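Each in structure tokens, the structures are laid out below.
Look for chain A in each of the two complexes below; its partner is chain B in the first and chain C in the second.
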Partner chain A sequence: MKLTQGCFSFLPDLTDDQIYKQVQYCLAKGWAVNIEFTDDPHPRNTYWEMWGLPMFDLQDAAGVMLELKECRRVYGDRYIRISGFDSSHGWESAKISFIVNRPPQETEFELVRHEVAGRAVRYTTVRRPAPPTAP
Partner chain B sequence: MLDLPHAKDADAGELPAAFDLRKEAEAAGITETLGQLDQELIGLKPVKSRVRQIASLLLIERIRQRAGLVSAPPTLHMSFTGNPGTGKTTVALRMAKILHGLGFVRRGQVISVTRDDLVGQYIGHTAPKTKEILKKAMGGVLFIDEAYYLHRPDNERDYGQEAIEILLQVMENQREDLVVILAGYGERMTSFFASNPGFRSRIAHHIEFPDYSEAELLVIAELMLRERGYKFDASAREAFARYIALRRTQPFFSNARSIRNAVDRIRLRQADRLVSDLDRMLDIADLETIDSADVLASRVFSGGLIAGGGPAGSTD
Partner chain C sequence: MNAHTGTIRGKERYRSGVMEYKRMGYWEPDYVPKDTDVIALFRVTPQDGVDPIEASAAVAGESSTATWTVVWTDRLTAAEKYRAKCYRVDEVPGSPGQYFAYIAYDLDLFEPGSIANLTASIIGNVFGFKPLKALRLEDMRLPVAYVKTFQGPATGIVVERERLDKFGRPLLGATIKPKLGLSGRNYGRVVYEALKGGLDFTKDDENINSQPFMHWRDRFLYCMEGVNRAQAASGEVKGTYLNVTAATMEDMYERAEFAKELGSCVVMIDLVIGYTAIQSMAKWARRNDIILHLHRAGHSTYTRQKSHGVSFRVIAKWMRLAGVDHIHAGTVVGKLEGDPNTTRGYYDICREDFNPLKLEHGIFFEQSWASLNKLMPVASGGIHAGQMHQLLDLLGEDVVLQFGGGTIGHPMGIQAGATANRVALEAMILARNEGRDYVHEGPEILAKAAQTCTPLKAALDVWKDVTFNYQSTDTPDFVPTALAAV
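Then we have the complex of A and B:
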């Protein structure tokens, strides 16, 4: 199941040239570009680990692509996303975030239903154990 | 031209059988950029001819690409060597503009660094520091002034070597993204390259900056004065020509930099001369004219350093 989080996640995965252009857009807007990775893409897991420092004083996205390449080399089996943080007054928040790397075996989630007091029902998103790999 | 690092021109329309070179050159802005370079920089023949060659190569590469022939992006890393004050830094700053204008680099910014910006102070500090600078310079020009300080032959555990290795790697792998220019004084650069052969072979353009001739220095002085809103009168011009001839023979002469210092001192003396007569009415011509007395008051005419024995910087 393809994980859908952030921008462009219902589209086919971005190619490197497309990522380059998105990052260049962020830099042109003056946003700080971050590379983040995680092995737990649960929707409630907002804070992913950062790869290096935010890159806010670059002119060209080639610098980000350099770091992304390095991050993929080390954590190619995890989810990696790029986010653009707008520090201007009144915003001070991430304005864009998109996935740039997926593990070969994507994590799957399912909705588990709990019956609680009365007839109320609660739902929890839980990680489905990885299916046995075909021999 | 290139918005993406490795983009190829996508328009696969019908190919013309012949290409109009003049029209192509004008479309790329090459004629204009080169004309500007000729006007704004005095002398520096080898530098200009190399820039012209590079520009021609770009033009031909572009046409070759359109014609469907094999084209490879040229290596543009450069090293500038020459005596003090021959314009290495000035040209490097301008080079970024030229390369950007010609479409070699995508953004055209110049990051000017020295050893301090690249080399860290403790183990593990150098690599992130160098990478940070390299990332900042992506899409533009990285100018490393006095590059030989990166290598300290007397200390084999110096962190400079680490910075050199990272630099070499990026220079090799990301030629499309970054142009590195090394600058420094002639002999020391030679020994730097001798101990780092990797650098020498990765740099395509070794440009030697010649010393300026006396006539060129005079033109430079007049250009500097014009920029500051002054001019020589006829006798001052002649006096300054004599000043240059004398100054060149004295120690610590550093080409255009000495001239700049001389010009600044001449301005001081001119202001002093004007202020010394407070009852006088000044007109515009008085304010902008340098006369021969302002030039001739220099210590250079009375023997300069040899007679005066003053500190090194104050001979002008």
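Then we have the complex of A and C:
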């Protein structure tokens, strides 16, 4: 399964050149750029780990690309995303978010159904255990 | 035209009998509206031979304190404060016999936080008034003091995006088709396929409530199975607008509670349930952290014709106050009425914190929203993936694009239809952010994306020539004129 969170998950994985252009778009808008990573991409996991602080006041996306390279070196086996944060009044929230690194084996989810009265079901999305590897 | 007619004051004003409205204090060309006044702009078409000033004063009178004759009981009140005051009447450019009447209402005339009360005054009586051929409420200026008495959108665009974890692109939806007749089990299948294929939302149509072919509980149960399956299959938050429209508030609350118990992130209502019911549901949605989608069912009966009714821009303002999170606001390029400039005006009303006066978009007043949440416009009706560049250009990023037929009618199936739309959208956002001239290069951008996405290629082939080019009936009365540089 391909995890389809973020702005560009239905496109082929972005090249570094494409990532650079998206980051430059964020910087031109005056947004702070943030790199985050996780091994738990559950749709309700809001807080991925921060790779340092959000980068404020950058002019050139090259600085972000250096940090991304470093993050990939350490956490290349995890999901990494870049987001652009707009602090202007009325938004004060992320304005873009996209995945820039995926683990070799993507995380799979499955549903746990807890059946209750009246045919209703309480659903829980849980991570599917990785298949056993050959000894 | 804006001359005094001599308001009669003092004892003479209250002599028994009939008096012209324009002399009773409803026409005050020197009046300067207060910051706290509600202002309404009407398009007045008087009957032949009726003085436009008198007709406009009558509108002010009949939408505030007046009746057809002088009453002595006015003298028991601060009557002059409570009289709505028409303070300006202009000829409508290019429309002989029609006049724009500006009318100011004191804030004390309105119950705080009640759309029902506001509308009972402003549109309550006056639209059937005999001396008028036709009357249309074109726009309103709502003072901040009044705006602040309303809850506003239960969730708002910012929090909706945070909850859904979706940023930087329009959201994608589809209305389940056929809109009537599917069983709950088959209906849920469409929900699952469309969401798994890449849509963020699916949607009940306006007239899907609880019918012999599918009762509401059955629909909700199967739909939520589809939503949760798709969520687990994609690792992405998904939703379906469960329409809780019903005959009574008790029924609607029951359905909404059930949707909440099943874990739905959104419920839906139709405009035809009425303003009070809408406000009740908005409060319910705020209390329960659920997004509230509004389908504007029925609005075209009174919004479409320019001479009579209520402009949709006014309805949009009322709905932002009333507190819905989504409102259908037109597509421009799709199958339903929508002039580009007029539609732009609606979108600005939904999404901006401040609307400047912009006559070419049909916006007659500055309007501050005083940090009331933003309302997500929804574009639905006859749109498809091949129009993605136009949609993004005309409607922007904070919008739900609903491709019903454009998803479910895909030749390779519903999942493929959803994927085609999502790929087209992401490719267009990527290109826009890279600084490309995506409006003109749109077809090439789509063709390139289709090289690695067969479903998109099929969608472009099937619908490439589909457009709906008809004349709009509701267009702005003002066009910007280019001034020669000096």
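The criterion applied here is as follows: the second predicted complex is superposed on the first by the 132 of 135 C-alpha atoms of A that agree within 3 Å, B and C clash if a C-alpha of one lies under 4 Å from a C-alpha of the other, contacts with A are read in each partner's own complex, and residues count from 1 in each chain.
The definition used in the following text is that a residue touches a chain if its C-beta (ideal position, glycine included) is under 8 Å from a C-beta of that chain, and two chains touch if they have at least 3 such contacts.
What you are looking at is a predicted structure, and each value in this text was computed from that prediction instead of being measured.
J.: Evaluate whether chain B and chain C can sit on chain A together after superposition, giving fit or clash.
T.: Aligned on chain A, chain B and chain C fit with no clash.
J.: Have a look at where A:66 lands relative to chain B and chain C in the superposition and call it first, second, both or neither.
T.: Only chain B; A:66 stays clear of chain C.
J.: More chain A residues touched by chain B or by chain C?
T.: After superposition, C is the partner touching more of chain A.
J.: Between chain B (first) and chain C (second), which, if any, makes contact with A:57: first, second, both or neither?
T.: In the superposed model, A:57 contacts chain B only, not chain C.
J.: Please indicate which partner A:107 is in contact with in the superposed arrangement: first for chain B, second for chain C, both, or neither.
T.: Touch status of A:107: second partner only.
J.: Who does A:21 touch here: chain B (first), chain C (second), both, or neither?
T.: Once the two structures are laid over each other on A, A:21 reaches both partners.
J.: Which partner does A:4 contact after superposing on A: first (chain B), second (chain C), both, neither?
T.: Only chain C; A:4 stays clear of chain B.
J.: Could you work out the angle between chain B and chain C as seen from chain A, using CA centres and rounding to the nearest 10 degrees?
T.: 100
J.: Of all C-alpha distances between chain B and chain C after superposition, which is the least, in Å?
T.: 10
J.: List the residues of chain A that touch chain B in one complex and chain C in the other.
T.: Dual-contact residues (chain A): 21.
J.: Show me the residue ranges of chain C that touch chain A in the complex, using the header's touch definition.
T.: Going by the criterion above, the answer is residues 158, 161-162, 165, 167-169, 198, 217, 221, 224-225, 228-229, 231-237, 261-263, 353, 371, 374, 419, 422-423, 426-427, 429-430, 433-435, 449, 452-453.
J.: Under the touch definition given earlier, write down the residues of chain A that touch chain B in their complex.
T.: 17, 20-21, 52, 55, 57-67
J.: Under the stated contact criterion, what part of chain B meets chain A in this complex?
T.: 3-7, 106-107, 109, 128, 131, 134-136, 138-140, 170, 174, 177-178
J.: Considering the complex alone, what residue numbers of chain A touch chain C?
T.: Listed in rising order, the residues are 1, 3-5, 7-12, 14, 18, 21-22, 25, 41-44, 46, 83-84, 89-98, 107, 109-111, 118-123, 125.
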